[in-house]
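What follows is a pair of complexes built around subunit A, which joins subunit B in one and subunit C in the other.
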Partner chain A sequence: MSKDEHREGIGGMINPRRYGIERVAYLLMRLSGLGLLAYFIGHIYETSNILRGQVGWNEFMEMISTTEGHIIMSIVIAMCVFHTVNGVRVMLGHGGVGVGKPTRPDYPYDPASQNYRHKIGIYSAMVLAAVAMMYGLAVMFGE
Partner chain B sequence: MAQVSSISNEQSPTAKSIILKISRYNPEHDESSQFMEFNVKYEKWTTVLEAILDVKKHYDHSVAVRYSCRQATCGSCGMIINGKPRLACFTKISELDSNVVTVEPMNNFPVIRDLAVKFEKLFDTHQKIKPYLIRDDTELISDEKEFLQTPEEVEQYIQFANCIKCGLCNSACPTMATDSSFVGPQALAQAYRYVADSRDKGKDSRLKIIDDSHGIWRCHFAGSCSQVCPKGVDPAMGIQLLRGYMLGFRS
Partner chain C sequence: MRESTIMKIHYGTALAAVALVAVHILMRLTMGYAESLEYENVLANYKFVPYAIMLELILVLLAVHGFNGLRVILLELKQGRLYEKAVSYGCLVAMIGLIAYGSRTIIMTNMGMA
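For the complex of A and B:
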């Protein structure tokens, strides 16, 4: 990317502070997507240990059944729930569902596409992700 | 280069003052941009553009800024004001609620000098989506003499006809921040404006243009474009409705 273009770059793309909760959801969607992709690759490696037989499998399970492993797994749960719920919201939006109807705008302009339905969807995704994460932590550290 | 300068001229007793930080950059001989600071007096109705013009008039006439109508109609004076893309003529200093006002050139546009940016790419992408009515006949040879529309048909697109091509939406877009080939929210919203116009018959050719790897599918509905639009155009809505056409959700 040339300096002449004066693009914000990745720093500007991931900056969530200027444009409200929609931009925070945009960032979390990207981060959770990348996180789940990384987990997916790790998960293939993890399950491939079955080829080493029961002893090899148990050894590997023992290695990842640590406090750090449980915390990573709870973050994966949160990412999965957020990405799913927010993904449904975004897919509906991409189909033009719930983004409002065109009308003559009146000052002060309040964009109809950034309406309460989508904000509720974003907050719901965050709350559900937090609840699922806490449930996962309770299960893994419960005993 | 940075300095604090006070403009000494007669002001009313109700005037307050702020520090106006102006980004200075000449791509021909500067390595990077630097801020110059000016102490500027303002009233509650003073706009950021008026403050910049005060600086030009009283202290440093070399500050480069593009402006024309001063009433949010020409779309010339878009810039980053305290971190967000806004029109300088449409932003009052008093509503920024800050003692320091920072002005920088719009992001995602090549800088000509200081606060002035090149609009060629914006106009090119706007032109690319064929921003005019496409049909085989014309009003001149039609028996009806003019193509009539119901008020409901006008409502479908009139909001998007308010676009003044100021480029604030493209400056706020997170995809534009990293993808130099992206069509951008301005052009996509204008594509919707013509697709939704009942007089237009060029829907298929327009959808073909934006159905591209750097076209409409690169929009991720962050909505920042709609939040900064000074005319209430709501490009995010137009883009999603347009995508609804392409996905078959809308007819």
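For the complex of A and C:
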């Protein structure tokens, strides 16, 4: 690791091009978390329109039931599935599941925790997110 | 509160929310997606007390999980006594505000004030 690498700050921390798929998962976990929190706040506001009565609710539904609205919703579905599946992987890892047995650190010092089991977990989260997104699009545009 | 306890709450709220949100989404698929979002159907959902209780639980679980997640992200970016206190209390206030606003919708609709 060079000295310059330490000076990169947040940019260096979130750079997905280094340290393998685990860093990509770390970045996607945070981005999906922030995206879902933003959606959750919007959803709470959106559903409060029911208090405006039938006319107010229908007006709001008309405003969000657009192609753009459906695309945003499908991205939310993908974020939700990725965050859930990867979150379960992280929880299992924190609980010591699938991280391997502690051994003497020998060259080339491959971390036992960054093994194929967790890599499969990350790729599975991505694939399931894509499948859920396609299903969501089919449901929303199929009507 | 100890960070280890907060993380246990974070994971607990996540697991509980996954189960309840799954039920919430499946309710949208019991009929056509667009039909399930019609005023009468949404109103009927809110007026069904067990479902309203479930919505309230989802609201609390996701608000706690979401704002604690935001707090963790912000604390990873920067540290400092004042900054950490501001982030923690800021997230707590935002969480309480969101729960209060969401609860208002659930309670008022359930009581027929919509």
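We adopt the following convention: the second predicted complex is superposed on the first by the 132 of 143 C-alpha atoms of A that agree within 3 Å, B and C clash if a C-alpha of one lies under 4 Å from a C-alpha of the other, contacts with A are read in each partner's own complex, and residues count from 1 in each chain.
Here, a residue touches a chain if its C-beta (ideal position, glycine included) is under 8 Å from a C-beta of that chain, and two chains touch if they have at least 3 such contacts.
Quick caveat: nothing in here was measured; it's all calculated off a predicted structure.
*Asks:* Let me test your reading of the model: by the given contact rule, A:Met140 touches which partner, first (subunit B), second (subunit C), both or neither?
*Replies:* Only subunit C is touched by A:Met140; subunit B is not.
*Asks:* Looking at the overlay, does A:Ile10 come into contact with subunit B only (first), subunit C only (second), both, or neither?
*Replies:* A:Ile10 sits against subunit B and subunit C alike.
*Asks:* After the superposition on A, what does A:Thr66 contact: first (subunit B), second (subunit C), both or neither?
*Replies:* A:Thr66: touches no partner chain.
*Asks:* Using the touch definition from the top, say if A:Ala112 reaches subunit B (first), subunit C (second), both or neither.
*Replies:* In the superposition, A:Ala112 touches subunit B alone.
*Asks:* Report for A:Tyr26: first if it touches subunit B alone, second if subunit C alone, otherwise both or neither.
*Replies:* A:Tyr26: touches subunit B, not subunit C.
*Asks:* Does subunit A have more residues touched by subunit B or by subunit C?
*Replies:* If we count touched residues of subunit A for both partners, the winner is B.
*Asks:* Considering only touches as defined above, state whether A:Ile50 meets subunit B (first), subunit C (second), both or neither.
*Replies:* It touches subunit C, and subunit B stays clear.
*Asks:* Touching subunit B and also subunit C: which subunit A residues?
*Replies:* 10, 13, 94
*Asks:* Inside the complex, what are the residues of subunit A that reach subunit B?
*Replies:* Subunit A reaches subunit B through residues 1, 4-10, 12-14, 18-20, 22-23, 26, 29, 90, 93-97, 99-100, 102-107, 109, 111-114.
*Asks:* Which stretch or stretches of subunit C touch subunit A in the complex?
*Replies:* Answer in residue numbers: 7, 11, 14-15, 18, 21, 29, 32-34, 37, 39, 42-43, 46, 59, 62-63, 66-67, 69-70, 73, 76-77, 98, 101-102, 104-105, 108-109, 113-114.
*Asks:* For subunit B, which residues count as touching subunit A in their complex?
*Replies:* Residue list for subunit B touching subunit A: 27, 83-84, 105, 107-111, 117, 155-160, 162, 172, 174-178, 180, 196, 220-224, 226-234, 236-238, 240-241, 243-245, 247, 249-250.
*Asks:* Residue numbers of subunit A touching subunit C in their complex, please.
*Replies:* 10, 13, 30, 33-34, 36-37, 40-41, 44-45, 47-48, 50-51, 53-54, 57-58, 61, 65, 80, 84, 87, 91, 94, 139-140, 143
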